[in-house]
Amino acid sequence: MSLERGISRHAEGSCLVRFGATEVLCMASLEDRVPNWLRGQGRGWVTAEYGMLPRATHERMRREASSGKQGGRTLEIQRLIGRGLRAVVDLEALGERQITVDCDVLSADGGTRTAAITGAWVALRDCLSWMERRSMIGPNVMKDHVAAVSCGIHDGTAVLDLDYAEDSQAGTDANFVITGSGALCEVQATAEGATFSEEELLELLKLARHGVRKLVDLQKMAIG
Amino acid sequence: MSLERGISRHAEGSCLVRFGATEVLCMASLEDRVPNWLRGQGRGWVTAEYGMLPRATHERMRREASSGKQGGRTLEIQRLIGRGLRAVVDLEALGERQITVDCDVLSADGGTRTAAITGAWVALRDCLSWMERRSMIGPNVMKDHVAAVSCGIHDGTAVLDLDYAEDSQAGTDANFVITGSGALCEVQATAEGATFSEEELLELLKLARHGVRKLVDLQKMAIG
Amino acid sequence: MSLERGISRHAEGSCLVRFGATEVLCMASLEDRVPNWLRGQGRGWVTAEYGMLPRATHERMRREASSGKQGGRTLEIQRLIGRGLRAVVDLEALGERQITVDCDVLSADGGTRTAAITGAWVALRDCLSWMERRSMIGPNVMKDHVAAVSCGIHDGTAVLDLDYAEDSQAGTDANFVITGSGALCEVQATAEGATFSEEELLELLKLARHGVRKLVDLQKMAIG
Amino acid sequence: MSLERGISRHAEGSCLVRFGATEVLCMASLEDRVPNWLRGQGRGWVTAEYGMLPRATHERMRREASSGKQGGRTLEIQRLIGRGLRAVVDLEALGERQITVDCDVLSADGGTRTAAITGAWVALRDCLSWMERRSMIGPNVMKDHVAAVSCGIHDGTAVLDLDYAEDSQAGTDANFVITGSGALCEVQATAEGATFSEEELLELLKLARHGVRKLVDLQKMAIG
Amino acid sequence: MSLERGISRHAEGSCLVRFGATEVLCMASLEDRVPNWLRGQGRGWVTAEYGMLPRATHERMRREASSGKQGGRTLEIQRLIGRGLRAVVDLEALGERQITVDCDVLSADGGTRTAAITGAWVALRDCLSWMERRSMIGPNVMKDHVAAVSCGIHDGTAVLDLDYAEDSQAGTDANFVITGSGALCEVQATAEGATFSEEELLELLKLARHGVRKLVDLQKMAIG
Amino acid sequence: MSLERGISRHAEGSCLVRFGATEVLCMASLEDRVPNWLRGQGRGWVTAEYGMLPRATHERMRREASSGKQGGRTLEIQRLIGRGLRAVVDLEALGERQITVDCDVLSADGGTRTAAITGAWVALRDCLSWMERRSMIGPNVMKDHVAAVSCGIHDGTAVLDLDYAEDSQAGTDANFVITGSGALCEVQATAEGATFSEEELLELLKLARHGVRKLVDLQKMAIG
C-alpha cells in the first residue's frame, strides 16, 4: 500500500495510489469557475470524475469514450468520491472556484473506489496547499482527512479489503467513507441476491473504522 | 398512503403508489428472454427502470428522452430498486425469463425511491401470481416482502419520511431497503457537506425498521 | 371518457384524460423565457412534449430515455399537439413567456394523440387562468377550444375512435385537429400500403367534426 | 421543372429533380435483406431517407451528422416519402428485399418534399426495372405513379407551389400525396397560428390534383 | 475533369467538381462570428466539413446523421481540407469572420478528397470575391492557389489518380496538398499492411506536383 | 527515455513509455474474435485505441467519456497507430484473432503519438511472445520493429522531439512511422497557416530516421 505524491507535471495536486495490484491515478485540477447553479454565491465546489482504462480489468472492457456514455457504476462512484471530499472541505473558504479530482484506474484488482477516494484526498490536499502558497486561500480549508474502505461478508464473516475473487462471490458488499476523526460521510451496504443483519452491518463498520484509520495514517505519512 | 393494484391494462402486474403528494406508477413486464450474460444457465432475472415525468417536480426538469441520456440519479435509483427486488426473489425458480419493473414518478414530493420500491414489490408479486396461475412457475418464487424508507437528520434529530422541503436542507440523507422479516438489503447513508455518527446511523435504522414494518403491512393489506 | 383537472401538485395547469383504457397525463408548465429565435419580440410561445411509459402498450417498448433518442412518431405527435394549441392562443397577449405542455401516456389503447391534445387544451387553459388570477395576462388569451380525433377506414367504412386492434389493421388512418368553432387546424390522412378517395376523406372529416364536438362539450363540462 | 434519370454511377435507380431553384438527388439502393420485424414473411420493404446539405438553405444550417441526430422535420418527411412509395408498390411481389430511396436536397427553394417524392418514384421505378431486366421480379411490381405537391393559403387564396418567401408567411401549409389514378395516399394540411375551412381544404386538394397530374406527366415523359 | 462555379443559389461561393465519376459539391458560407477561442483577436477562421451521400459509393453506406456520429475518415478529411485552405488565406486580413466550406460527395469513384480540396479552393475564392465586391475585405486575402492529389504505388509503380478499384488494392496511398507556387501544405503517405521507400515517396511527390499543376491550371481557367 | 515492460497485471503484453514528462501506458489485449468484415478468412487483425487522461495536459480537458464522443484528433491518432503496427505483423500467421493495443496518455508534454506507437510495438510484441509460449502461433509473426517520431520546423530549422512549447508554435509539424529496417509506413507533414518545401521535408525525414533508430535501439534493449 503506497501513496506517491506529485506525480503529475501539470495538476495542482496529484497522487498515485497502489493497493496491491490496484493502481489509481488521482489528479486535482483547479478552475476559476463554478457550476452555473452556484454562481455569484461566493462559495466553491469540489467534484470528482472516475474512469477505468479498458484493460485495467481481467477482460478488456469497452472504452467508455468509444461507447459514447459513462456506465451507471462509473457515475455512482464519482458521485461517492465527490460527496466524500466535500464533507471535509470548507466550501465557503474556498471562494468561487472549482476543483475537479480525476481518478483513473490504471489497474483494477478490487477496492478501486477505496483507493480512489484515499488518493483523491491527497491530491485535493496538495491542490489546496498549492493555493495556500499563492495566498489564494487561507489555512484550514481542508477540515479533516477522509478515506474509504470496501468490505463484505464472505462465508458468513466480515472481511476487509476483499480481493477481486472474493469480491465477486460476496453476497454483501459495503463501502464506508469516514473522516479522520471517525465521523461517517457515507455508508453503503448492498446485498446482491442475499440479505444481511444489523449485527453484520456493525461488524463491517468496525472493520471499516479500523481500515480507515490505517489509510489515514498512510495519508499522514504521505503528506508528512 | 395507498397502494392500488391492477391499474394497468397491459402489464402482468401493476401498482399505483400514493405517499402524500408523491405518486409512482409501477408496472411489471414479463419477457421470455434474459440478459446475454445469463443465457443458458436456467436462471431468471429481475430488473427495474426508473423515470420521472418532467413536471413531477416543483420546477419542470428537462425530459431525459430529449436530453438523450439518463442522469446519474436515475441510474442509481433503478439499480437500487433492482437489487432490492432480487434479494427476495428465487431467481432459479423463476426460470430463464426476465421481469422488468418500470417505476415512473407522476408526482414527486419527497420519498420517490421509497414509494417506488414499495410499489414495485407489489407489481412484481402480482406478475409472479399471474405466472403461477398459468403454471409457469411454482409457489414461493417470491420469498419475502421488501420495502424501503428514506430518512434523514434534521436539526440534529432523525426524521422519517422527510417531506421535500426538509429533504433538501437535511445534512444527512439515508435510504434503507429491508425485507419483511427484518433482514437488510441495502443501507445508504449519505452526508452532503456534513457528517454523521454511528449513533445517528443506528437511530436512523431504528426509524427505518419502524417505517418498513408499516409499509409491509400496507403491502399485506393491498394483496390481502 | 373523462377529463380530470388539477391532478398535479406542481403544474400551473393539469388534466388526466381517460378515453376507455387510454390514459394521458397532461401538465402545463409556465416558464419565464422563450426560445432564442423569439427573444425580444414581446411574443410568447406554446409547445408540447409527448412520451409513453414503456409498458403503456401491449408489449413493453424500450424506454426512450435509455435508448438515447426520441423516435420519429414521438416527434411527429408532439409537433402536432404544439401547432394545435398555438392555433387557439393569442401569442402576442401571452407576453414573452413559454408554456410547455407535457403529455405522457400512462396507458395506450388507441387514440393517444386525440386524448393528448384534448387534455392538453384543458391543462393549458388552466395554466392561463392561473396567470390571469395573478394579473400576468388579460382575459381571452385562449381564443377558442381545440380538440382532435383519430379515425380511419375499416373494411371500407369510416370508423371513429378505432380501438387499438382495429387501428393496426386499418388501411387509412386520419387525424383531425379542429377548433370549437369548427375551423380546421390540422388534417392528416395517411394510407399505409393503400389509398383512399376524396369521398372517404370527407366522410372521415364529417365523423371527426362530430367527434370533436363531443370532446369540446366534454372540455366545457370539465372547466364549467 | 425537370427530372434527369440515371445520374448515379452506383445506384440501381436514380433521378435528379429540379423544380426552379430546388434540387433533390434521389437514389434507390437495393439490399438483400429486410427489417427484422419483416423477416421470413416473403414480403419486401420500401423506405426512404431524407437529408439536406448544410448550405442548401439561405442561412447555413448545422450538419445533422455533426449535431448527432436527425431533426423532427427530417424524420417526418422521410416517413411521408416512404409511405407514399409503399402505397404504389406490390410488396409481396418484391420478394424479401429492401429498397432504400435516399433523397438529398442540394438546393432548397420551397417544395423540397414535393420534389423529393416525385423524383423518388422515378428512382424507385428504375430500380425495379433494373431488377426486372435481371429476372429478379416480374412486371407490375410498381402499380401506379405517385407524386406530391405542397400548397397553401396566401392572403386568403389557395396557391400552388409556394416559393420560399411565400411559404414562410402562409398561415396554412398543405402536402398531398396522390397516385397517378387520382387516389389519395396522404393529406396533410397544417395551420401555424391560424386555421382553415373545409372549403379551403377542398380548394387546396383541387389545386393539388392539378399539380400532381402535371408531375405525373413529367414522370411519364422522363421514363418514356 | 471540370469545375463548375456558382452552382448554389444561396452560398457566397460554390463549385461543383467532376473528376471522372467523382462529383463533389463545394459551398462556402460566410458567417459573422468566429470560434470561441478566437474571439476578440481580430482574426478570422476558415474551416471545412465533409460528407458523403449514402449511395455515393458502390454499396450504400449508413447515413452519418442517422448513425449519430461522423466517422473517423470523415473527421480526418475535413481537417485536411481546412488546414489546406488556411495555408493560403491571410486570416488577419479576413477580419473576425468565419468561412465554412462544405464539401459533399454526390458520387465517389476514388479521389474524393482531392476533388474536394480543389473545388473548396474555388468556392472559398468566390466567397472572398463576393466579400471584396462589398468592400468587406481588401484584395489579396487569398494568397495562393492550393490543390491536392491522391496517388499510390500499384504493382510497384507510382500511379496518379488511382481509380477506385486500384485504390483499394494499393499497398501505399498518399495525399499531397500543394500550393500554386509549389510549396507543400500537407504530405500524407500511408501503407496498409505494407511499407514504402524514400525513393517511392519522392516519386509520388513528383507525380503529385505534376497533378497539382494541372489542377491549378484548371482552377485558373475556372476563375479566369 | 525509458520503456518499462510487463507493468499490467492483466494484459497479455504491456509497456509504460516515458519520454521526458510524457508518459503513455500501452496494453495489448488478445481476443478470440475478429471484426465482422474479416470473419471466416483465417486472418487476424491488430488495432489500437488512444485516450488521454483529462489532466494529462496543461489545462484540464473535458473527459471524452463524459462528452460522449471521441474527438477527431483521438480518432486520427489511433488509426495511425493501428496502421503502423499492422505494417510489421503477419496477419495471416496470427490466425483469426484480434489484438487491441490501448495507448493511454497519463502525462502529455509533446510527442504523445511517438511515445504511443513506440510502446505499442513493445506491448504487441510481448502479447505475441505470450501466444508463442502457449503454441498459439509460430515465431516471426512480428516481422520487424516499428517506431515513430514527431518533428517540426522551428524558426526555419528542422527540430526533433519538439517539446510542448515549441510544438505549438511550429508552423510545420510532421510524424513519421518507420520500421526497424528503415522502410516507411507513414509520413504525415502538416503546416498550419504556413507551408514547407521539399528540402525541409527531406531534412525532417533524415532527422526522423535518426530518431527512429534510437527508439528501435531502445525497444531492442527493452526486450533484450
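Note that the chains take the letters A, B, C, D, E and F in the order they are written out, and that residue 1 is the start of every chain.
The working rule: a contact is a pair of C-beta atoms (placed from the backbone, for glycine too) under 8 Å apart; a residue touches a chain by one contact, two chains touch by 3 or more.
In this text the structure is predicted, and so the values were computed from the model without any measurement.
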**Neighbouring chains common to chain B and chain F, by label** = A
**Complete:** Rounded to a multiple of 5 degrees, the Cα superposition angle from chain C to chain E is 120
**Greatest separation from chain D - chain, by CA centre** = A
**Request:** Compare the two sides of the chain A and chain F interface and say whether they are made mostly of the same residue numbers, over half shared, or of different ones.
**Result:** same
**Prompt:** If every chain is reduced to the average of its C-alpha atoms, which one ends up farthest from chain C?
**Reply:** F
**Fill in**
When contact pairs are matched by residue number, over half of those of D-E recur among A-F, E-F or A-B in A-F
**Asked** Cα centroid separation between chain C and chain D, in whole Å?
**Response** 27
**Fill in**
The distance between the C-alpha centres of chain B and chain C, rounded to whole Å, is 32
**Complete:** Check: chain C positions touching at least 2 other chains come out as 68-69
**Request:** Could you list all chains around the ring, opening with chain B and heading toward chain C first?
**Result:** B, C, D, E, F, A
**Item:** Touching residues on chain E, where the partner in the complex is chain D
**Value:** 8-11, 14, 21, 25, 27, 29, 31, 49, 51, 53-58, 60, 63-66, 68-70, 74, 100, 102, 104, 106-107, 109
**Asked** What does chain F use to touch chain E in their complex?
**Response** 69, 72, 75-76, 78-79, 83, 86-87, 91, 174, 179, 183-198, 200-201, 205
